[in-house]
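Before anything else, here is the set of structures, which you'll find just below.
Look at the two complexes coming up: subunit A is in both, with subunit B in one and subunit C in the other.
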Partner chain A sequence: MDNASHLSVIVDLSPTQWHLSSQSDNTHPLSLKDFLSQLLAFLNMHIASKHENTLAVFGAFPGKSVMLYSSTDPLQHNRTIDANSYPPFRVVDYSVMQHIMEEIDALGEPEDEVPCALVGAVTKALCYINRISHPSTSSNPADNPAVLPDPRMLILSVSPDLSTSYIPIMNSIFSAQKLKVTIDVCKIYGPDTVFLQQAAHLTGGSYIYLERRDALLQYLIMSHLPPPSIRNVLSVPTQDRIDFRAACFCHKDIIDIGFVCSVCLSIFCKPVPVCTTCRTKFPMKTLQRLNASRPPQTLTPVNGSTVANGSAIGTPRSAGTPMAASLR
Partner chain B sequence: MPAKDIDFMDVDSDSDISLPAEETSRSKGKGKGKAVAKPKKTKGKGKANEQAYTWEASYTRSWDTVQEDAGGNLQGAVEDWMARDRRRRLLAPAGAIRRTIIRHLILLLDLSSSMMDRDMRPTRFDLTLQYAREFITEWFDQNPLGQIGVVGMRAGIGERIGEMSGNPQDILRAIADRHKLEPIGEPSLQNAIEMARSTMSHLPTHSSREILIIFGSLTTCDPGNIHDTLDDCVKNRIRISVVALAAEMKICRELCDKTGGQFGVAMNEGHFKDLMFELVPPPAQNTLSRTPGAGAVNPAADLMMMGFPTRLPDTSPPSLCVCHSELKSEGFLCPRCLAKVCDVPTDCDICGLMIVSSPHLARSYHHLFPVKPYEAVTALVDVSDSTSACHACARILPTTQSTSTAAEGISPFGRYRCPDCHNDFCTECDVFVHDVVHCCPGCGK
Partner chain C sequence: MPTRTADTTSNAAIESSPHALLPFLQSQSQNTLTRLYQRPSSCLSIFRLLASLERQIVMNLLWLESSIAVATMAAWVHRDHKKLYDSALAILSRLHILPNSAVKLGLNSTFKSSLRQAITGGGTSGSFGVPSQKDDRSSWPDVKTLDGYALERWETILHYMVSSGTGQQPTKPSQDVLYLLQRSQLMTNVRGSALQITSAGFQFLLHSPHAQLWDLLLEYLHMAEERRMDVVEVLSFLFMLSTMELGMEYSTENLSQTQQAMLVDLRDYGLVWQREPSSQRFSPTRLATTLTSSSPPLPTSTGTGAGAQVQGFIVLETNYRIYAYTDNPLQTAVLNLFVSLKYRFPNLVVGSITRESVKKALENGISAEQIISYLTTHAHPQMHKNVCLLHICISQH
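This part shows the complex of A and B:
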């Protein structure tokens, strides 16, 4: 580790999902409390491994995203001096825990829980990385780290894919590519998320599905602590199949065969006469042809449900030829 | 300052237009001695001597427009540029713009001896090749479903250099060897355009057909009437754009004007690149179509069935691909028939489904759903303590007015507010969100 590196950690703090994760009928239950203590150990490890390392922590709460800690503007609070702790660790721990407490206390009734603002947290992290990577335009020279190699982002996810956020997530991935930010994903609980798999794949990061949740810290240290520059000498787990499915614009269902407007590339789950995005009308002939060729299984789309089961193939295979089957 | 610029340009173009009329009035009125017209006349004449061609008026050198303020800082100038940028965004139509996203482009390179001219460093030819490479990379980045072909013009004929292909590596390989492209002889616009036209004639109607000509000569030796070729291009809806390296030629401008393309004369290396890269973003839907108005049946539009594949890692057990019958581990599975293909986008060899990776499509979505422009905060009335930092990057926002004069669209506090989520953002994040992320961190969409 020659160069200092920047790490932005995005923590998915959905109360419902964490509650489900801590249930004892899971094979390896992990409660929020255990998770946070392992996370703090990991954060401390990152700042300890190199003095110049910078860190930012963002929390995705239901309907809200909050910056929990950043090493460029640490909170000014009256902390008690504890002779038994290293001050930088203490600042991180205190700041992260304090913010999480405040936000969780401010949460409303559990019945009306809205989905987590993961997109907000990711875009905030991108804006923050953009800010510290271009220090020249900043007015205050004091908060400029001289260089910022290898900025990367680690998303600790417990919620399933939110298909309404398909386009913003994709836009974030492309901006991460532009900023040369690597996105790592650690899926702690719940089914695989298609969008985050694509995020890790497209930015050269690693996507890890946690099989032993109680060994979280071990996973984090082995695969997410080393910066990407030295990962190629380590044997970081690679992604298995990557699912390139997309969400349709009409029902926000995740689909593997879609109908695409040739003018604006909007995706629909069934043939539509008029594109809802660009108002283009499609020829009648095409609609008839497409309706005829459509696999019968997709005639009854599952409305409203975010199709997010772990299986890679959504539509049952209908036209499998013997040759194709033999090639599998 | 921007307002002044515009005024200045207006005066110039006026004088250019009125010049021939004044010229005739002078020759006519020579004996009569029209005193009234005289001052105006001399003014027009002087301007004409300074600026012989219209394109010189529209081109301002960037270093001339940047002015230091009294303290020797460039801050004011930079802010001004940003104000202009903000206004440009505000003026842009808010709704979704129709853009042609599946594009076909023929890059027509002048390989005549005039390309060896050294007025651009190192030579026009080398610079063109270098920019062409960058252009192709950037073009495929923004138009992942497009295809590019390369045609050269030298020794009086059109020469096919690279076949139409959707793979940037193929095209880059075609123009990689500069010795094979050594400029020689005279160019022939007609021959080259005819060749490009025939390459594109079979393309599906919902895709765009474009020709980009990099032209360094002032002559063209054609076997027939180039206007016939031009009419054919208009009929085939081929959009021709020209970047001229030498000077404006009437036929070049006509090619662009009649087909709806862009014409530009490169003044220097940087301007050359700018002119080329203006053609990278997908063009708005072809206005030449005879059916104006929203909701009209656009014969070029169609609905396409596409499959989004699953990618197999290189650690999976090897199997044969259906496209080359080669034994390999990595590949993409067709979602309908589960056949394995090597690369996307492609048509499945088994069931014929068009297979694209969805990120390819998603790259263009920010054109469809742009972020609403943020409003400049001009007074700190309802700003509470909690909003003292930028909502996105947590930079502390100033609470005192900066010294610079408040230009239109610029917040004196460096504070911009999202009209939907009412969060405040700093200047940098405002630019970053609208130009790069295309997603408001406050609203999350």
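This part shows the complex of A and C:
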């Protein structure tokens, strides 16, 4: 028998973005209601695939993240059973919808909407995956480490990049790599997000930009339903161009050319005399040279050029190279 | 850069043998299968029995209104795994889920609409079981009762088999069960006297409970054909049971004549629990609800015997001495098939595998591979080093 798999779905539920997405001036308007019905069908299909498949659903709301459903501690509702539907499906549908309704009702006025807590939801999902893949001996001794569900995460994103969350996102990516979690991203509305592209790329998942939103379910099934073992046989689309740009630590802006501290690898958008992270002082001479080598501010930099923030270059390069310059 | 699941393991998972029921389904006529596919619960259960690649192909095609060109689908297939893909398509076409065609791929329309209905819910088929109305007089059976019942029934059957011919007089299962065991040639009637276990029966005992259950049910299906029961009704009832919720009571009112008759048989096997034989309600046990999964069909919480069965209880030393931490008479009896038992304590049985004991097992028709696989599947978690075991068994041949 093939192994069971675990799927954690993270749903971006930003009211503003969903409102924009449902406007009829889009080529393919998709309202939250239509989206949820397709999402529930997708979740049911994941559970249908195998009895042992586990599922967790997290919602990212403005300023907070909530676990909407998890198959290990399901919500005990009144257990009304309908002869026409499979009981586990009903539990998922009911639980997800119920929680979303509660959270949306509890939302404040639309004027003071804070950005979505996507990172919070990702972190919660990682914690959850960590918990189920390393069951403590006391809770369930019968669990055999050989039959661990192979974990995946699917992020359904509608909000644009939040550059302040660069560092937490990168940290989650690294912990996902460590847990061997594959992160899939489906961008349903809005422009491509740089950070999620990197998340999918670095964890071996697939990043899909939804071109036809009316075919959402088919996109989800074809590219996000198959577990990794099937992806070797039926290939899934991957990205051919990935935006590797990073955000600077000082202003949280996404930058084309950055300056990297040679001690702690912090990224800055302009040369600084003292690293704000590790307090290293840089020689004045280097600073002057780096400042001189910066392209004039009026000139827009080449789009899409990458910052080699990981390759700590020992000595400053000659002037004019569009490369990361080290601050020492 | 994280690595994907290693190729070798994933291939092994994909190439693992298909479910025991699938050949039976493939042997049925298209007409029978189409009738079976009319029920959403049957579609869902059959879908689960398929291998993962086949499931993904079905999923990809499920929500498409029109059929797509074969080439379009084939374009997604990785070149190295073309063979796997082709064999998956062949299996699906033999099940009449995906009609074989050189040009277009499209699911069987009955299967498609039923599986869609299973996933979205709704409709009026009532194929997932009509729950009984809760009344005040009797509460629902708790899971523990059901587990206990299933375990007791199942072990009665196995224990009867293993101790036949040893002179012991264990509790007899019902006449129908005995007939089934005899028909499946797991047991045979020796010269008009009591039933004797056959070599096939010995092999059967060493299988996993899940495989044992399906072996018996397959035999039941063949018998149903002979009895002129409607195979579609038998199968859809089994599939309905497998999608039911443990610990719930369902009403018998919507069952057909055939299915009412099946209830009696399934009660003997421990798949279904009823308060009293004439009751209008029934509850599936864990044996039934795990039919289409690979989770352990026998309860894990009741008693040390069953718990150990899941966890593994056998410690084998390099001098072929065996320590089995069990007080379950069934497990002891099974061990007795190929081990010469020395001492018995509460919760511990000590024996040794000797030349004679293995020879005895081989004469009974148990193969060395089966002994090894039994020992490895039930090995104590602390023991993972019985490589040298292979040596003695082969030398016996």
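Definition applied: the second predicted complex is superposed on the first by the 282 of 328 C-alpha atoms of A that agree within 3 Å, B and C clash if a C-alpha of one lies under 4 Å from a C-alpha of the other, contacts with A are read in each partner's own complex, and residues count from 1 in each chain.
Convention: a residue touches a chain if its C-beta (ideal position, glycine included) is under 8 Å from a C-beta of that chain, and two chains touch if they have at least 3 such contacts.
Note that this is a predicted model, so its numbers are computed, not measured.
Undergrad: Superposed on subunit A, are subunit B and subunit C clashing or fitting side by side?
TA: Result for subunit B and subunit C: fit.
Undergrad: Which partner chains sit in contact with A:Val114 here, subunit B, subunit C, both or neither? Use first/second/both/neither.
TA: The answer is neither, since A:Val114 touches no partner chain.
Undergrad: With the two complexes superposed on chain A, say which partner A:Leu202 touches: subunit B (first), subunit C (second), both, or neither.
TA: A:Leu202 sits against subunit B and subunit C alike.
Undergrad: With both structures superposed, pick whichever of subunit B and subunit C touches the larger number of subunit A residues.
TA: Of subunit B and subunit C, more residues of subunit A lie in contact with B.
Undergrad: For A:Ile173 in the superposed arrangement: first (subunit B), second (subunit C), both or neither?
TA: Only subunit B is touched by A:Ile173; subunit C is not.
Undergrad: Using the superposition on chain A described above, determine whether A:Met101 touches subunit B (first), subunit C (second), both, or neither.
TA: In the superposition, A:Met101 contacts neither subunit B nor subunit C.
Undergrad: With the superposition applied, I'd like the minimum CA-CA separation between subunit B and subunit C in Å.
TA: Subunit B and subunit C, overlaid via chain A, are at closest 10 Å apart by C-alpha.
Undergrad: Name the residues of subunit A shared by its contacts with subunit B and its contacts with subunit C.
TA: Looking at subunit A, the two contact sets intersect at 202.
Undergrad: Write out the stretch or stretches of subunit C touching subunit A in their complex.
TA: 1-5, 7, 9-11, 13-14, 16, 40-41, 44, 47-48, 51-53, 55-57, 59-60, 62-64, 76-78, 81, 84-85, 118-131, 243-245, 248, 254, 290, 292-295, 300, 307, 310-311
Undergrad: Tell me, which parts of subunit A touch subunit B in their complex?
TA: Contact set of subunit A toward subunit B: 65, 67, 70, 73, 117, 119-120, 123-124, 126-128, 130-131, 134, 137-138, 164-168, 170-175, 178-179, 198, 201-202, 238-246, 255-268, 271-272, 274-275, 277-283, 286-287, 290, 293-295, 312-315, 317-321, 323-325, 327-328.
Undergrad: Which residues, counting only subunit B, touch subunit A once they are in their complex?
TA: On the subunit B side, the touching residues are 96, 98-102, 145, 206-207, 285, 294-313, 315-316, 319-322, 332, 334-340, 350-351, 353, 357-359, 361-369, 389-396, 428-429, 432-433, 436-445.
Undergrad: Could you list, by residue number, the parts of subunit A that touch subunit C in their complex?
TA: Against subunit C, subunit A makes touches at 1-3, 41, 44-45, 48-52, 79, 81-87, 89-90, 93, 141-142, 150, 177, 180, 182, 202-204, 217-218, 221-222, 225-235.
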